[in-house]
Amino acid sequence: MLTKRTDLALEACELWRESAESMTRLPGVRSRERKSDGYPVTRVEILDERGEEALGRPVGTYVTVDLRTYWKRGADYFPRAVRAAGRALKAMLPESENASALVVGLGNADMTPDSVGPSAVRHALVTRHLLASMPRQFAGFRPVAAFCPGVLGSTGVETAEAVRGLVERVRPSAVIAIDALAARRRSRLCAALQLSDTGILPGSGVGNHRAALNRETLGVPVLAVGVPTVVDAVTLAADLLEERGQDIDEAALRDGHDGLTVTTFDIDAQVKELARVVGYCVNWALQDLEVDDISALLA
Amino acid sequence: MLTKRTDLALEACELWRESAESMTRLPGVRSRERKSDGYPVTRVEILDERGEEALGRPVGTYVTVDLRTYWKRGADYFPRAVRAAGRALKAMLPESENASALVVGLGNADMTPDSVGPSAVRHALVTRHLLASMPRQFAGFRPVAAFCPGVLGSTGVETAEAVRGLVERVRPSAVIAIDALAARRRSRLCAALQLSDTGILPGSGVGNHRAALNRETLGVPVLAVGVPTVVDAVTLAADLLEERGQDIDEAALRDGHDGLTVTTFDIDAQVKELARVVGYCVNWALQDLEVDDISALLA
Amino acid sequence: MLTKRTDLALEACELWRESAESMTRLPGVRSRERKSDGYPVTRVEILDERGEEALGRPVGTYVTVDLRTYWKRGADYFPRAVRAAGRALKAMLPESENASALVVGLGNADMTPDSVGPSAVRHALVTRHLLASMPRQFAGFRPVAAFCPGVLGSTGVETAEAVRGLVERVRPSAVIAIDALAARRRSRLCAALQLSDTGILPGSGVGNHRAALNRETLGVPVLAVGVPTVVDAVTLAADLLEERGQDIDEAALRDGHDGLTVTTFDIDAQVKELARVVGYCVNWALQDLEVDDISALLA
Amino acid sequence: MLTKRTDLALEACELWRESAESMTRLPGVRSRERKSDGYPVTRVEILDERGEEALGRPVGTYVTVDLRTYWKRGADYFPRAVRAAGRALKAMLPESENASALVVGLGNADMTPDSVGPSAVRHALVTRHLLASMPRQFAGFRPVAAFCPGVLGSTGVETAEAVRGLVERVRPSAVIAIDALAARRRSRLCAALQLSDTGILPGSGVGNHRAALNRETLGVPVLAVGVPTVVDAVTLAADLLEERGQDIDEAALRDGHDGLTVTTFDIDAQVKELARVVGYCVNWALQDLEVDDISALLA
């Protein structure tokens, strides 16, 4: 069913609904939409095996923040986006006040659409070493470490293997993994964030560089922050046609297709901006700080 | 007619033919295909006003080197590509042995798909100052200067204005302008070079940053080396559909379209490689040097 | 006399005084020190030929802002530095309200200590094209263009030649040229700014890439903003010895010296920060804007 | 005794000799000089505790390749340097034919003089994943993985801790750690390589970011490749004075010194070049390949 490639659970829902003959309710899935700081936020919960099967991803919570209006740069668009995403991420974190975190930037820093993870990590407030050396002064912070494992082609080591090695030494309460995703809808390209508590699954993403990063493989909860920065060319074509009410034979469209994955031509600027939103959102969720405080600390 | 946006004269020909009701010959245009160092090379000559009108670009010669097989990395793929493109460029240069040149890298260095011009210039052999200070030692070289004018948004100055300012001081025999282009066919995305003797025209290109750079505005012949690094999303969709024999209503497709321009997700690597081909091709055409010589001089 | 290489007029004064046998007043020179936004500011005026001869540079005003305390990051260190330098620059600008400016970033962007000019230009508010296209909306701004001419080795064109070409087309009321300088005192390395109304002179600077950029060569007033990012190794050695009251034979020290020029090991961070101060200082001097306004416009 | 800071064992020897009152032989140390591919190579062996105490570093072998003539770019200067350093490194590697290696680039990629480790790693032939997926095709290669752990300030994790985590998962036969060093002699700045079999010790290096990386902490042999890219300013001053036969009171010189560490102003170009030598030298030592083969594989 999921012939239209997407890494967003929300889009998987949409596809299910489009393909459903009747208006049957999607079984084992609960979905709810609201606004958060002005941005539409959709929460998809996969509740059981029926939901897993229907949407092709594991039980858990998937929150999508719709950032289409972000690019119109309305009032406070940046701090509102940070809070909207940060609030969703915070709700997924372990509750303990002194819970520690390891922030992992997945992807290839030399490949712009795949670099949003490493770029976001540059905005992360790293505190673990400060708490170790000056525990009294930094008592108000949670210990945070950060890591960019690189990609298999450059390191010879599976990302999951490298992260596991570090997790065993750092022993964080949770891992927050940031990665680039593939969207289905053109309108979500560089205009949405997905936050989930199920970690990262193999076989998706921009560079396909990922084995599973989740509680099973790492031994701690893994929260994922995903940024859709690419779209499959055929999916994009189908999407453009559907928007205009044209019937298409997507199987034919996909036939013989060489898997061209595309991104927007101004991807450098978009990744730069979204990495900042994600980095700040992680800081907002982990520490008790507002956006201006974070800016001051990162200066 | 040219609703499918393309900066390639070859594709304008193809579109004309597709739209022509009968198999009439394209008036005022001569086109010829051959192989050069293993790469297919198509030479389109627009001979008069009929050709100008049909193809929407001025009288002149447009040579397209098809680099699809480049990425299969067959034997000598790099030097063969340099020679195939260099040969076409050389044929357009003023014949005088001590003709000088100004190589101009157009586009935005901070925007990967638009950065192929500035990146190519980094591979140009710049000799003008050496000939000025050591004329005897460098007697075998043509004087070459290089310049990256930046983009209007960063400089406040039209590219053509900035180039004209420099041309008036440097007084080269010819300008060679390198720029990113928009292709129509997905198969030409990052897999072709266009060399022409008509300069650069406004309203096309990746960043739309260009006023005319041609003999009229600069006072010297302007050769253009164009690299298709982007494609219009609707054009891409239409192209994918046509490849599979599906009829589409392209006007409907384009209706309400917000002009999303896309590029391939591995654009960083492609631009890096193509900039090297173009830089070497310019050196090959200007100086009497083989690829290994150029490598040694650039080390 | 000026065997200790320095590009700072203030240091030329100090050297003159150190070498003077009696406490005679430096003829043809007036110097005054005060505080500006908490930073010590020294204004050296070379009044006539006697001053020119004594200090080895032309008649004009040279203001040095001492930024040593900047790196202690006291309250408001950044906006105070911007205003202290901006105030000095503003006083040198043509008074006309709609005076236009061309901001020129000199130096080699690929060589960290020499890249402060090009880096500063990235923070410049470029408005010329906006005023051209939307004169009513941007009526409150002065027209500003920006330009990085590159270096002779990369372009084959003398910097002054390239700037002259652009000045002739853009016709600004003044040029503001930003460049890296050589200091004599270790304590001024990356901890001072020099603003002068005499332009840029050949034979100094980090990369020695400069012919004169001044009113004679460009036809408009040229203000210079210099950032000392390097020091001559022998000068540094002599300086360290003098600080500790040791007598040295500097001629012997310099004898056979191969001209090693050094910079601080954290030059990347220092250039990044100083480029931001300089960029903002130029905006502050040219437009009627405070630091927060500039930040908002550059976001 | 070692008041003149140096990370080079060879310089520690020189300092001992300079300070020795009589021409006594340095106890517990053996040193030998020869030429290798045209470059002077000095091998210092610290044999026992007397040597450890005298030179302030552990028992082991320290080979310095003198690259002063490298920058004159004589015939084959690059492949000769690769072989001279590679030969010394190869002699320190475990002999087993299928010994695997983890190449670690230490230091801060954002700080030019400290970035030689991460830069060198970009030239490393990474094969571990290829051997895992295509063991037959790549049978002739040793498995090599690569890793850049970043610096404490950016990751919150001690370098040694991060490397240990990866070593435990990858289980290489040896670690090769590349790092920037501090030299004493100006003439060794960016003009020498040190190869040793004792790993990396705390308290030295450019960024002081290192805890010990050695067989004790990592459980496998650790070879170190060090590149002197900085020098202490006072050490530099003393060195310049001594070269000219001036007596100095170095204690006075050092008194109140704020620890300014300097590097050459063209450090970007030097690090770029030396990183390439080191990367190739590691490949040469690990795989049975000549320089041209390595170039072909890295293209």
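Think of it as A, B, C and D in the order they're written, each chain with its own count starting at 1.
Here is the rule we use: contacts are C-beta pairs under 8 Å (C-beta built on N, C-alpha and C of every residue); 3 or more make two chains touch, one makes a residue touch a chain.
In this text, all values refer to a predicted model and were calculated from it rather than measured experimentally.
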Distance in touch steps, counted as few as possible, from chain A out to chain C: 2
Candidate from C-D, B-C or A-D with the same interface as A-B, over half of contact pairs in common: C-D
Inter-chain centre distance, chain C versus chain D - centres from mean C-alpha coordinates, in Å: 38
For chain B paired with chain D, centre-to-centre distance based on mean C-alpha positions, whole Å: 45
Euclidean distance of C-alpha centroids - chain A vs chain D, Å: 40
Multi-chain contact residues (two or more partners), chain B: none
Complex contact set, residues of chain D against chain C: 110-114, 186, 189, 206, 230, 233-234, 236-237, 240-241, 243-244, 246, 248-249, 252-253, 255-257, 260-269
Contacting residues of chain C [partner chain B, same complex]: 126-130, 143-148, 150, 152-158, 161-162, 164-170
